[in-house]
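These notes concern the structure reproduced below.
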Amino acid sequence: MLEAVFWANAGIAIVSALACITRRSPVASALWLIMTLFATAVMFVLLDAHFIAVLQVMVYSGAIMVLFLFVIMLLNLGDQSATDMKGWFGRVVGLALGVFVMVELWVITKVVPVDQIRLPAGELNRMTVDEGAIAPVAQVLYTTYLLPFLLTAILLLAAIAGAVVLAKREV
Amino acid sequence: MSGFLASIGYGQWVLEAIMIVPLLGALIVMMGPSAQAKKIALGVALVEFVLSLGLWWAFDQGTALMQFEVYHEWIPAWGIAYHLGIDGISLFMVLLTTFMMPLTILGSWNYIKEREGPFYALMLVLTTGMLGVFVALDMFLFYVFWEIMLIPMYFIIGVWGGARRIYATIKFFVFTFFGSLLMLVAILVMYYVVGRETGEYSFSYRHLLNNTQYLGQWAFWLFGAFFLAFAIKVPMFPFHTWLPDAHVEAPTPGSVILAGILLKMGAYGFLRFAVPFFPHVALDPTVATIVVTLAVVGIIYGALVALVQPDFKKLIAYSSVSHLGFVMLGIWALTLQSIQGAIVIMINHGISTGALFFMAGMMYERRHTREIADFGGIARVVPAFAAVLTLVALSSIGLPGTNGFVGEFLVLIGSFSQYPVATAIATTGVIFAAMYILLALQRILFGKLDNPANKKMQDLSIRELFVLGPLVVCIVWIGLYPAPILRRVEVSAQALVTQVRGQLPVQAKAIPEEQQPLGKFGDDK
Amino acid sequence: MIWLAVLLPFLGFLVNGWLSFFRPDAKRAVSVIGVGVLVASFISALAGVVGLAGAVHDAPYIVHMWSWMPVGELQVDLAFQVDELSAVMLMVVTGVGALIHVFSVGYMREDRSYPRYFAYLNLFVFFMLVLILGANFPVLFIGWEGVGLCSYLLIGFWFDDEAKATAGKKAFIMNRIGDFGLLLAMFMIFRAVGSLDFLEVFDAAPAAFVTNGPEITLITLLLFLGCIGKSAQIPLYTWLPDAMAGPTPVSALIHAATMVTAGVYLIARTNILFAMAPVSGAVVALVGAVTALFAATIALKQWDIKKVLAYSTVSQLGFMFVAVGVGAYAAGIFHLVTHAFFKALLFLGAGSVIHVMHHAYHHTHSGEDAQDMRNMGGLRKFMPWTAAVMWVATLAIAGVPGLSGFFSKDQILAEAFARGQGAFLFYVIWALGAVAALLTAFYMTRLMLYTFHGPNRTGEAEAKQLHEAPWVMTGPLVVLAAGSALGGFLNLPHVLPGAGWLEHWLKPVTEGSVPYLSEAHLSAGLEWRLMGLATLIAAAGMIAAWYFLKPDRLGAAKAAPAEAGVQRVLLNNYYVDELYNTLIVRPTDWVSRKVLWRIIDMGAIDGAVVHGAAKVSRLLGWIGTRFQTGNLGTYVVLFVIGVLFVLSAVAG
Amino acid sequence: MLLGPALGVSAILFSIGVLGVLIRRNAIIIFMCVELMLNAVNLSFVALAQQLGTDGQVFVFFVMTVAAAEAAVGFAIIIAIYRHKETLDLQNLNLLRG
Amino acid sequence: MGMVVNLATPAGLFWGMLPEIVLTGWALALMLVAGWRHGGEEDQRFAGQLALAALVSTLFALWWLWAKDARPDGIALMIALDGFRYASSTIFLLGAIMTVMLSLGYVRRERIHTPEYYLLILFATIGMMVMSAAADLIVLFLGLEIMSICVYVLTGINRRSVFGAEAALKYFLLGAFASGFLIYGIALIYGATGTTNLTLIAVSITNLGLQSNGMLMAGIGLLIIGFAFKVGAVPFHMWTPDVYEGAPTPITAFMAAAVKAAAFAALMRIMVHSLGESIGTWQNAVWWLAVVTMLGGNLMALAQRRLKRMLAYSSIAHAGYLLTAVVSGTETGAAAYLFYAFAYTLVTLGAFGVLAVVGRNGERDVRIDDLAGLAAKRPWLAFAMAVFMLSLLGFPGTAGFMAKWYVLMSAIEADQWKLGIILVLASVVSAGYYLPVVMEMYMNQPITEEAHQESVAVGAGRWVIGATAALLLLIGFFPGRLMDVSRSSSDDLKPSAAFTLNAPTGPDAGMASR
C-alpha cells in the first residue's frame, strides 16, 4: 500500500519535473514545479518526515514558489510566447548530458548504507509516535545543530541585506 | 701576503663581504644621484675585486675541501641553510666574476645613457647573484641564486637592449626558466629520496653528495632534469637558440656578462652538481655518447653557423656555442687534464669573448651598426682597435701563447684518451674557428676603407684601453703562464675525477669516509 | 745566450709595435732596431752554436724557462732545446733573416706602415726561433702557429687590398688544417707516452710503439699532415702561391727560406718516429716527389715572377720531403739550408726587380703589373748586379755542378735511388724527382731569360726609370749569392773528400732512427753515375729553355693573347683553387647558411620547436577561450561535462 | 524499505533539474531547475534520515533556508539585470566573454 | 595543550566561535549604522572605517584564541579549534582588511555609495571563517552559502554597471547550480557514513571499511565538483573570467584571494582530515582536475590582452597549483596551502590594487599595453607590479616562489612527481603572460605623454600595494617564520589515531559524543 502511494507520487514528481523543464511559459513551469514539490512532500510523509513535509508545503511550495510567480508577474514574463528552450542542438546536447548524469548517479548510488550505522527498522516511525512529529527534529536542531541554526540567521540576514541593496531603485 | 690576510681574519669574512658589498653598493647607487651612479658602481666593483683578490693568496691549494665557508641557518625546518664555500673549481669563477664586473661597468660608461641609476644597481645585484651561484653549497640556495640573477639580466637586456629586445628577453627567460624549474623538481626529489634513506632531510650539497648512492633508479631522471637546466644555460646544441638573440639584443655590458659569466654557470653546474651527483648516469655509455656527441656537434655547428653570420655579435654568440662545446667535452671526458682544461676555457671564454663583445660594443657606439658588412678597412683609421681586436680574436681561436690555446689543448689532450674519435672531430673546431674569426676580422678590419662613415671612426679612448688592457694582459698571461691557475684548480679537479670515477665500478656502494673528497656536513661548525 | 737570441726579436717586435702606433715616422729608429735585433740575435745564436760545437756533449742543452701547463701527468715546460739540428736551423733563420731584414730596409723604405712591417718581421723571427728551439711539442706548436700568424699578418700586410687580406686568411686556414693533424698527433703521443717532451718521447718511443704498427703510423701521418699544411705540399699547397701577395722580402724569408721548411724540420726532429713507421716515410717521400713534379709543371707556365718562384718553392720543398721521407734526414736539412740561400736570393732578386719595376710604373702612373715577366725583359742592362747574383742562384737551383743546389738535390735523389733496391716505389720517387729537376732547370732558365734577357718590354717612358736597386738591397744579395755558391760544401757527397760534414754534425739527432732504417748504400760508381745524370738533367733543362723560348717574340702583358689548352690549365694551377672552391668552400658556406643556420637553427629548433611550442600554447589558449562565449548555456554544458568527468574519475 | 527507491527517484529528479539547467535559457526557469535539484537532494536526506536518524531531516531544514536565501538574492539580481537589459534570456547576456 | 573548550556547552561554543561572534556583532552594528547613515561619500567612508575596525578587532579575537591554543574537548563537533582554522581565518581576515582598504578609494571614485558594500564584505568574511572552522559538513555548507550569497551581491553591487549585473547573474546561477551538487554530495556522504562530522566521517570510513563504497564515492565526487566550482577549477572555471571582469576590482581581488582561499581551506580540511585515509577514491579525480586547471588556466591566460581577465585566468592556474597541494592529501599539503594562500592573498590584493589605480573609470578595459612605460612615470607603482607579477610567476626572491616550492614539496613528498613536473611546465607557460606585463612597464615607452598622469595610488590603497609588495619580498627571502607557522598550524589536521581507532561508530555515535 505505502509503496504504491510512494510510486504514484514518484511518478507524479518525475512527470511534473519534466513538465516543469519543458513548458514554454514560466508560469506553467512554476506551477509544475509546485506540483513536484507537493508530490515530494507526500513522499516525505511516507519516509516518516512529517514535519519536513509540512515545511515543504509551507516554505517551499508556499513561500518560495509564490515568490517565483510574483517575480515572473512583476517582470511581466508570464505571457512570453517565444520559447526560451535552446535550439535543437542545445537540447540534444543537454539531453545527452542529463541522461549521462542520471545514469552515472543511478549507477553509483544504488548502494544503501551499511548495516552498522542503520537504526533499527521503524525506529523513526516509533519516535514520531512517541514524541510527536516535531520534537525529534527540534531536539536535534536546537542542541546538536544549534550552531548551524544560528548560522542560518546570519545567512538570511546577509541575503536580506543583499537583496535590499540590489533591488533598491535609487542608484 | 697570506700572512697578512690571515692576520686580518680574511678567510672568515671574505665570502660574507663579497656577497654583501654589491648589494650595499646597489642601494647606494639607487639612492645617490643618477649622474654619479656609474662612478659609485665602479668604485664598488673595484672594492669587490680587491676584496676577492685576496682569495688568490688565501686559497689553500693543497686541499679539495671547501674553504672560507659561511654557514647560517636559513630555513632550518627543511634543512635549508645559507651555506657558502669555495674550492678550486669555484675559486676562479668567483675571481672571474669580480674581475669582469669593474671592466663591464667601465665598458658601459658611455653606452648606457638613460636610467643610469637602476642600470648600475642591477649590475651590482647581478654580481651578488652570480657569485651566489658559484659559492652556494646548499641546493636550495643555489637554486635561488640560479634563478634570481635572471632578473637583473632580464631587465638589462629588456630595458637597455636593442630593437628586438622584448623577443630576446622572453626567449632568454623562458628557456632558462624551463630548464631550471625541472631542476627544481629534481632537487626536491633528491631531497626526499635521500631524506627517506638517511633520515636526515637536508638540502645541503654535501649531504646529498655523500648519499648519491641512494638515488638508485631515480638518478637517470634526476640527471635528465639537471642536464636540461645546465645544458640550456651552457648552452649546448640544440638548446642554444636563445643565445644569439639575447647576445645581439643585449647592451654591451649585458652581452659581456652573459658570455663572460652567465654561460659559465651551466658548465659550473655540470662540474659541481650534475656529474658528481649522478656519476653512473653521467658516465653511462649511452648518456656519455649523447652528451659528447652534442658537445662535438655544438663545436662544429656553432663554428659553421658563426661563419655565415652577418652580425658581429651573432657571430660571437655562435662562437660561444662552439667554445662551450669544448667545455662540455672536457667535463665529460673527466680526466684531470680535460677538467682543468674545461675550467681554463671557462675563464678564457669569459675574458676573450667578453673582450670581443666589448669591442663589438665599441664598434656599435661609433657606428651604430653591428653588421659586419658596414665595416671594412677600418684598421687604417683605428690601428689600436685593430691590434687589440686581432689579439683577442687570436685568443678566441686558440693561438698558442694566448689563453685560448691552453684551455683547448688541455681539454682535447685530456679527452683524447677517453673519446678519441670525438676529440678528433672536435679538434677540427680549431680550423672552423680560424675560418669564422679570420673572415670577420678581414671584413671588419681589412679591405678597402670605402664606407665614408668609417673614415671618421675614433680609435680607442683611454677609458676603453683601461677596459681592454686588463683583458689583454690576462690573455697573454694565461696563455704563457697558466700554472698558478692550474695548480689552484688541480686538487679539486683531481678530487672530482676521483670521486666520480671512484663510484663507477661498484654500483650503489657507500664511499669510505676517508675517501670522501668533501668534509661531512657541519663538521667544522 | 740562446734565450737572448729568442728574446731580442721579441723586444724588437715590442719596440717597433709601439713605434708603429706612436711614432710611425721614425723610420730610422725602426730600421736600427729591426735590423739590429736580428743581427744581435744572429751573433748570440752564433755564440751559442759555437759553444755547442765546442762542448763535449752527450745530451742536448735544455733551457727551462718556467712550467707552462702542469696538469697531473701532463707536465709541459716552456723550455728550449739546443742541439745540432736546431743549431743549423738557428743559423739559417737568424742569418738569412738578418740579411732579409737589411734588404727590407731598402725595399720597404717608402711604405707608410714601415714600423708595423718590421714589428711583424721581428715577431716572425721570434716565433720561428721558438719553433726550432722548442723542447717539446706544445712549445714547438707555439712557434708553429706563431709563424703562421706572422705569415698571415705579412701576407695581408697591405690589407687595403681585399685579395691580399684573403690570401693571408687562406694561408692561415690551410695551415690550421695541418695544425689539426699536428694537434692530434700530440694527443696520440701523449696517450701513448705520457709526455710531450722531445727527449722523453724519443727515448720512450722504441718501447711505447710497435714498429710499423698502426699507432705510430697514424701519429706520423698526422704529424705529416701538419707538415703538409706548413710546407705547402699536395693537397694543401695552394696557399703558398697566393702568399706572394705579401711584400717580397716576406716571401723570401717566410715563404721560401724559413717557415715553409718547418715541416721538414719537424720530420727531421721526430725522425725516430718516422723511422719506426716506414709506411709513413714512404707516404712522405711520395707526396714530396709528386708535389715536386706537380708544382714544377705549374711553374713552367707562370708569368708572375713571384709565382714562378712560389711554385718553385713548393717543388723544392717536395724534394726535401723526399729526403726526410726516405730517411735521409741530413740530406733534407742540407737541401733546406741550400734552398734557403738560393731561394732567398731569387726572391730578393725578384724583389729588387719588382721594386724597380714598381717604381717605374708608379712614376708614370701606369696600372701595369710590375710582377709580370712579360713586362720585363732585358733588365740585365739596367740591373747588372741583380742579374748576376740571380744567375748564380738559378744555376744553383738548376743543379749545375759545384753549386750548392747540385749537391743537395743530387744527394736526395741518390738516397731515394738507393732505397729503390728495397722497394720499387723509391725508384718511382727518384724518377719523379729527376723529372722535376729537369723542369726546374727549364723554368728557372725561362724566368731568367724573360726577365733579364731579350728586349725590354716595360714601356718607353718607364724604361727611363729603371735602374739598379740601392746597395742596401744588393748587399744582402751578394752575401746570399756567396752562400748559394758555396753552401754545397757543407755536405759533400761521399765520394768526395771531406764529405758529409753536415750529416756528421747531425748524427746525435738522427742516430736514434738508424736502427729502424733500412740499409741503403750506394756504390761509389753508382753515385758518380747519378751525379753525372743529374748534371745532364740540369744541362738538358737549361739548354731546352734556351732553345725553345724566344724572349724576343714575347709581347707585353696587356698585348698577350689568351692562353689555351694545356698552357691555360697550367697557368691556372690545374684549376685546383677552383676545385677546392667548388668542392669544399662553397658547399661549406652553403650548408652553414642554408642548412645549419636557416633550416636547423631558425627553422627546426627555433621555428618548429621553440616558436612552435609558443604558438601551440597560444593556439590552445585561444581555443580554450573560445568556450568562454559569455553565454551561460555553454558554461553549463562544460560544467556538466566536468561533472561526468569527475564522477567517472571517482568511480573508476 | 523505501530507501533505495527514494534515492533513485531523488537521482532522477536531480538529473531532471540538471537537464533543465542545460536546456533552458530563461534565468528564472534555470533558477527553478536549481530549486528542483535542491528538492531532489532533500528527498535523499529525508530518505536517509529514515535509516540514520533525524539529523537528515534537520539538514533538509537548512537546505530550505539556503534555498530561501538564494531565492531572495537571486530575484534581486534578476530584477537588477532586468532593469538594465529588459530581458532574462541568457543568450542576450554575453557582454562578458573571451 | 592550551585552553580546552567543551563545544557542547553554550559557553564553550561562545569561546570557540569568539572571532565569528565578534565579527557578527560588528556586522550588526554596521547594519544599524547603515540604516541610519547612508547615501553620502562621508557616510560611505565611515562605514568603511567601521568595517576596518570590525575586521581588525576580529583578527585580534582570533589571535587571542590562537595564542590560547584553544583545543576542543574530544572530537571537534560542528567547529574545529585548531591551528589550521586560525591560520586560514587569519588569511581571510587579512584579505578582507586589504579589500576594505582598497575599496575606500575605489568606491569613492566609482561612486558606490551603499554602506552594504562593507556589510556584505563582513558577512562574507564570517562565511569564510565558518567554512574554515567547520568540523561538520552542514556548517561548512552554511558558511559557504553565507559567503557565496554575499559575494553574488557584491559582484553586482555597482548598480550602474551592466557588466556587474551580468556577472552577478552568471555567478549566482552557476553558483546555485554548483551548490546543488555540493549539497547532494553531502547528502550521499551522510548516507554512506551516517554522519556529517568530519572526524566521524574519517572514523566511519576506517572502521566500516567504506573506502570503495559507491555512495561515498559518489558523494566525494559531487563534493569535489562543488568545490571545484568555487575554486574555479577547469572545467568549472567558466564563470571566473566573466565574474572577475564584471565585478568591482577590489571585490575581484577579494574573490580571487579570500573566497578561493576559503573554499580551499574547507576542501583541504575535508580531504586531509576526513578523507585522508580514503585518498585512493578521490586522488585520481583531483589529480586530473589539478592538471587540466593548471594547464588550462595558464594557456588561456596566454591568450588575454586585458589585464583583469588575464589575472582571472591566472587565478584559475593558481587554483590548479593549490589543487596540487590537495592531491598530496597530507598535512604538508595543508601547510603548503596555508603558505600559498597567504602569499597569493598578498599578491592578488596587491596586483588588483595596482589595477584599480591604473584603471580609473570603467577599469574592465585595461589592457596590458596600457601599462606601457609605467615604470618611467610611476616607478614605485611599476616596481610593486613587477614584484606581484614575479611572485605570481613563482620567481625566487618572492613569496610566490616559496609558496610554489612548498606546494611542490608537498606533491613530491607524496610521490606525485609527475604532477610536480606538470606544475613547473605550466609555470613556464605562465612566464609567457606575466612577463609581458613587466616588459610593457619597463621596456616600452608610454603611448602618450599624458599616460599614467592619473595613476596615483592614494590613501589606504597605497599602503596595501606597498605593504603587500614589501611583504612578498620579505617572505621571499625569509620564509622561515611563515613556514613554521604554516607547518605547525597544519600538523594536527589529520584526525589523531586515538579518534580513528577508538571512537564508536553507528547511529548513536553522534549522540554518544554529545
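Read from first to last, the chains carry the letters A, B, C, D and E; within each, the first residue is number 1.
In this section, a contact is a pair of C-beta atoms (placed from the backbone, for glycine too) under 8 Å apart; a residue touches a chain by one contact, two chains touch by 3 or more.
Small disclaimer: the values here were computed from a predicted structure and weren't measured.
Asker: Steps needed, at minimum, to get from chain C to chain D via touching chains?
Answerer: Contact-graph shortest path, chain C to chain D, evaluates to 1.
Asker: Cα centroid separation between chain A and chain C, in whole Å?
Answerer: Those two chain centres are 102 Å apart.
Asker: At what distance in angstrom does the C-alpha mean of chain E lie from that of chain B?
Answerer: Centre separation, chain B to chain E: 43 Å.
Asker: Using the average of all C-alpha atoms in each chain as its centre, how far is it in Å between chain B and chain D?
Answerer: 64
Asker: So the centre of each chain is just the mean of its C-alpha atoms; given that, what is the distance between chain A and chain D in Å?
Answerer: Here the centre of chain D sits 7 Å away from the centre of chain A.
Asker: Indicate the residues of chain D shared as contacts by at least two other chains.
Answerer: 7, 14, 17-18, 21-22, 25, 30-31, 48, 52-53, 55, 58, 62, 66, 69-70, 73, 76-78, 80, 90, 93-98
Asker: In chain E, which residues are in touch with two or more of the other chains?
Answerer: Answer for chain E, listing residues that touch two or more other chains: 138, 142, 145, 149, 152-153, 156, 159, 168, 170, 173, 177, 188, 191, 194-195, 214, 217-218, 221, 241-242, 304, 432, 507, 510.
Asker: Two or more other chains in contact with one residue: find those residues in chain A.
Answerer: As it turns out, chain A has residues touching two or more other chains at 86, 90, 93-94, 97-98, 101, 105, 107-110, 112-113, 117-119, 144-145, 148, 152, 155, 158-159, 162-166.
Asker: So, with touch as defined above, which chain pairs make the list?
Answerer: A-C, A-D, A-E, B-C, B-E, C-D, C-E, D-E
Asker: Would you mind writing out the residues of chain E in touch with chain A in their complex?
Answerer: Touching chain A from chain E are residues 13, 17, 24, 31, 77-79, 114, 116-117, 119-120, 123-124, 126-127, 130, 136, 138-139, 142-143, 145-146, 149-150, 152-153, 156-157, 159-160, 168, 188, 191-195, 204, 208, 210, 213-215, 217-218, 221, 505-507, 509-510, 514.
Asker: What part of chain E is in contact with chain C in the complex they form?
Answerer: 170, 173-174, 177-178, 181, 214, 217-218, 220-222, 224-225, 228-229, 234-236, 238-239, 241-242, 281-282, 284-285, 288-289, 296, 298-304, 429, 432
Asker: Over in the complex, which chain B residues touch chain E? Could you list them?
Answerer: It comes out as residues 74-78, 143-144, 147-148, 150-151, 154-155, 158-159, 161, 165-166, 169-170, 173-174, 177-178, 181-182, 184-185, 188-189, 191-192.
Asker: Chain D touches which residues of chain E in the complex?
Answerer: Touching chain D: residues 138, 141-142, 145, 149, 152-153, 156, 159, 162-163, 165-170, 172-173, 176-177, 179-180, 183-184, 186-188, 190-191, 194-196, 241-243, 245-246, 304, 306, 309, 507, 510 of chain E.
Asker: Spell out the residues on chain E that touch chain B in their complex, using ranges where they run on.
Answerer: 390, 395-397, 401, 405, 408-409, 412-413, 417, 420-421, 424-425, 427-428, 431-432, 435-436, 438-439, 442-444, 479-480, 483-484, 487
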